[in-house]
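The structures come next, written out as structure tokens.
One chain, subunit A, appears in both complexes that follow, with subunit B as partner in the first and subunit C in the second.
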Partner chain A sequence: MSLTYGAIGWNRQKKIYDLVLACGIVLYLSLFIGLGAWLNPGATVETLLIRGFGTCALLLLHIVLIIGPLCRIDARFLPLLYNRRHLGVTTFIMGLAHAGLAIFQFHALGDLNPFVSLLVSNTRFFSLPDFPFQQLGFGALVILFLMASTSHDFWLANLSAPVWKRLHMSVYAAYALLIAHVTLGVLQAETNPLLAAALGAGLASVISLHLVSGSREVRADSHSSLSSFDGAGEFVDVCSVDEIAEKRARIVTLAGERVAVFKYDGKISVLSNVCQHQNGPLGEGRIVDGCVTCPWHGFQYLPDSGASPPPFIERVPTFRVKVDGGRVLVNPRPLPPGTRVEPARIDANASG
Partner chain B sequence: MITFAKWKLAIFGIYLVIGAVFAVVFLAIGIARVDPAAKGSPIGFRLLIFPGVVALWPYLLSRWIGGEHAPRTERNSHRDGSGGADQ
Partner chain C sequence: MISSLRRHHRQAFLVLAVVLPLIFAAGLLVRRSAPVAEAPPVKLPTASDRSGLVAWDEAGLRLGSGADYLDVVPTGAAGFPDILLYWSPGSPEADTPGSQAILLGPIDGVRAQRFPLPDFAREFDGYLIAWSLAHRRAVAVRAWPKGGLR
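Let's turn to the complex of A and B:
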């Protein structure tokens, strides 16, 4: 969160993240090329590099895709989410290296422009064994480029969040194109069943983790959707004070969206659960330095007003809250973002 | 077939050249008018978003001409239910 844009907002965690990522890539490429040269002495360096970069990009894309559902299933994976954009940009760079080398090796040595050659050298679109799989990979690379080049927060703000998210959801189209690219290309030429098994396992893990996390979210929403009003019909009984851990929140659904009911310093405050930055789940974060801190990217809000501490300008809607007999009661009508609401005191109302 | 492919690539190339020229002007002058938070931003930031500006230049040009300054906040049922306005 910042008032002006910077190039890359590196902090200690992001530096560690990127260092681990860089070391992992170097290790993977070294192993792939070393083992490849040992197991297949006839393979050229160019071929090993093309395949090394390509498989590295595919592996990284799998990691990018499973981080989201993993975090929904188990919060211990949240540190992986924190800097996922760098992972995505790195995926594009690996894919670009793969494509650049492949175009050079297979299309740049003839009379035709290499890109013209890419488009016209194989047009057997109706033949499964001879399908021009290269064009599928090129399509995926274009999508990954659009995602990488718009990964900065400038684009999130200026494309508007819904457009930015729709653009970045096209990662699934890129993934489908890459699966087809690999299936129709490399797997047709390879006889090693390990490759097919690895690709199948990757696809199965992406699909199954999305299904599991999605079904958990639907179940959680159906259980937390509340309609039990108090006698006056203004407040909804959402939970017991004891159900909320200190400096943490309980998430329930009110007014068609999730709210986060935070307990801290003997008080209760209620905010919309949706972070203004990228819709991160505020209720899965905790209170750090007196502020509700989004678990995704660290955006912060004051719990009583839903406003980011000055000079920051992000705001989320708040809700009126009271505690009666150890129960937390919330008025389901959202207040305008940034509206201060007096927190409910726990001590004065805990008994009963 | 080859001629058609050449035409496609030529159109794509022209789009990118216009985008590159636009990006230089936009990153020097226009960006602060489209998004006040970009005013006085460092060169590293501008270089980082350069490829995206080249790719999406028609959208940014329309925003620049349209004079839309404040990036929009995403809507959801809570923001809509609260009246939508910030306090």
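Let's turn to the complex of A and C:
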């Protein structure tokens, strides 16, 4: 959480994250090139580097894609999510190194512009085994470039989180292009079954984890979707006070969107469940130092107003709430972001 | 995420869950069993047994072909170190590979090599051209009747 834009808002967690990432990449490339040279003495350094960078990028992209659903399934994976954008940018850099070396090796020494050669040297689009797989990889790299270049919070704040999220969901198109790039490219010539098995396992992991977490979300939404109003028709009975842990929230769905009902210090406050930063799930966070704290990147909001404490300027919608007979009643109409709402007192209303 | 984004996310992955395994399986099923250019020349005729090969003496090479491959055997020291072998549809009107030429691979001139042929070579008449990239000229050109050398 920061007030101004810097290149990178370094903190201890990000430094550890990036150090582990850098060490992992150096170790992977060293092992790949060392083992590759040992097992294939005839392989050139250029070929080993091209394949090393390519497989590294593909491996990183798989990790990037499974972090999200893993966090939905088990909150212990949340530390991986914290700096996922650096993982994504690193994926692009590895892919760029792979593509740069490949274009130089296969297209730069002819009499055509290398990029023109890349796009026109193979046009057999109707033959699957001869398909121009390099164009597929180039398309994926363009998407990863767009994502890497807009990954900074500057773009997130100016595009708004929903637009930014939509833009960055194009990573799935890039992933599809890369699966086709590898399947119709290197796997056509390299028939070692281990290579196909590794790619198949990665593909199965990504798809199955997303389907499992997605189905859980659908079930959770259907169970928490509420529409029973009180007698006056203004408030919806969302849960019992006792169902909410202290300094935690219960997430319910009102009018199609999720809201987080927080209990703290004998009070109840209700906020939108959607963090303004990256639309993280505020209701899965907890109250730290008197502030609702997003579990994704630590953005904080005052529970009664939905506004970040000064000097920060993030704000989320709030909801009117009351407690009656030990039940929490919420008005489903969201108030403008940052609107202060008097918290409902639990003690005064518990006997109802 | 807001509910509309969650819905789009789920829809995207339902599509990917169908399409990507299909692409992956289809890609593996269509893999060719024919040797690729880098494969070792197993069972290829040697330079001392060229009875089944067609001479292509201009390039110091002899040629043989099967249903989907072309064998190239050098007959002596190659005069050019950088010959690229192309197959092109049509007739050899010009001594250049042409815009529709398909690169079969480089000829190293010191060993027998087998090159996979494109499907077009079985279906269309064309010609083979051995092209020196450094000298920017054809070393040899030979007509390629539909179906391969006889």
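The rule is simple: the second predicted complex is superposed on the first by the 344 of 352 C-alpha atoms of A that agree within 3 Å, B and C clash if a C-alpha of one lies under 4 Å from a C-alpha of the other, contacts with A are read in each partner's own complex, and residues count from 1 in each chain.
The rule we apply is simple: contacts are C-beta pairs under 8 Å (C-beta built on N, C-alpha and C of every residue); 3 or more make two chains touch, one makes a residue touch a chain.
Computed from a predicted structure; not experimentally measured.
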*When the two structures are laid over each other on subunit A, do subunit B and subunit C clash or fit?*
fit
*For A:Cys23, select first, second, both or neither according to whether it touches subunit B, subunit C, the two together, or no partner.*
neither
_According to the stated criteria, A:Asn113 is in contact with first (subunit B), second (subunit C), both, or neither; which is it?_
first
*asked:* Output check: A:Leu335 vs subunit B and subunit C. Expected answer is one of first, second, both, neither. What do you get?
replied: first
_Is A:Gly256 touching anything from subunit B or subunit C once the two structures are fitted on A? First, second, both or neither._
both
*Touching A:Thr150, do we find subunit B (first), subunit C (second), both, or neither?*
first
*Between the C-alpha centres of subunit B and subunit C, what angle is subtended at subunit A's, in steps of 10°?*
80
*Kindly classify A:Pro162 by the partners it touches after superposition: subunit B alone (first), subunit C alone (second), both, or neither?*
both
*asked:* According to the stated criteria, A:Val45 is in contact with first (subunit B), second (subunit C), both, or neither; which is it?
replied: neither
*Examine A:Gly214 and indicate which partner it touches, taking first as subunit B and second as subunit C; both and neither are also allowed.*
second
*asked:* Looking at A:Ala201 after the superposition, I want to know if it touches subunit B, subunit C, both of them or none. Which is it: first, second, both, neither?
replied: neither
_Nearest-approach distance, in Å, of subunit C Cα atoms to those of subunit B in the combined model_ = 7
*asked:* Per the definitions at the top, what is the overlap between the subunit A residues touching subunit B and those touching subunit C?
replied: 162, 256-257, 274, 279
*In their shared complex, at which residues does subunit A touch subunit B?*
3-8, 112-113, 115-116, 119-120, 123, 145-146, 148-150, 152, 154-155, 157-162, 255-257, 259, 272, 274, 276, 279, 307, 315-317, 333-339
*Which bits of subunit C are touching subunit A when the two form their complex?*
1-6, 8-10, 12-14, 16-17, 19-21, 23-24, 26-28, 30-32, 36, 38, 118-119, 133, 136
_Applying the document's contact rule, which stretches of subunit B touch subunit A when the two form their complex?_
1-2, 5-6, 8-9, 34-35, 37-42, 44-45, 47-49, 51-52, 55-56, 59-60, 63, 71-74, 76-79, 81-87
_Touching residues of subunit A toward subunit C in the complex: what are they?_
110-111, 124, 127-130, 162, 165-166, 169, 172, 175-176, 179-180, 183-184, 187-189, 191, 196, 199-200, 203, 207, 210-211, 214, 217-218, 221, 253, 256-258, 274, 279
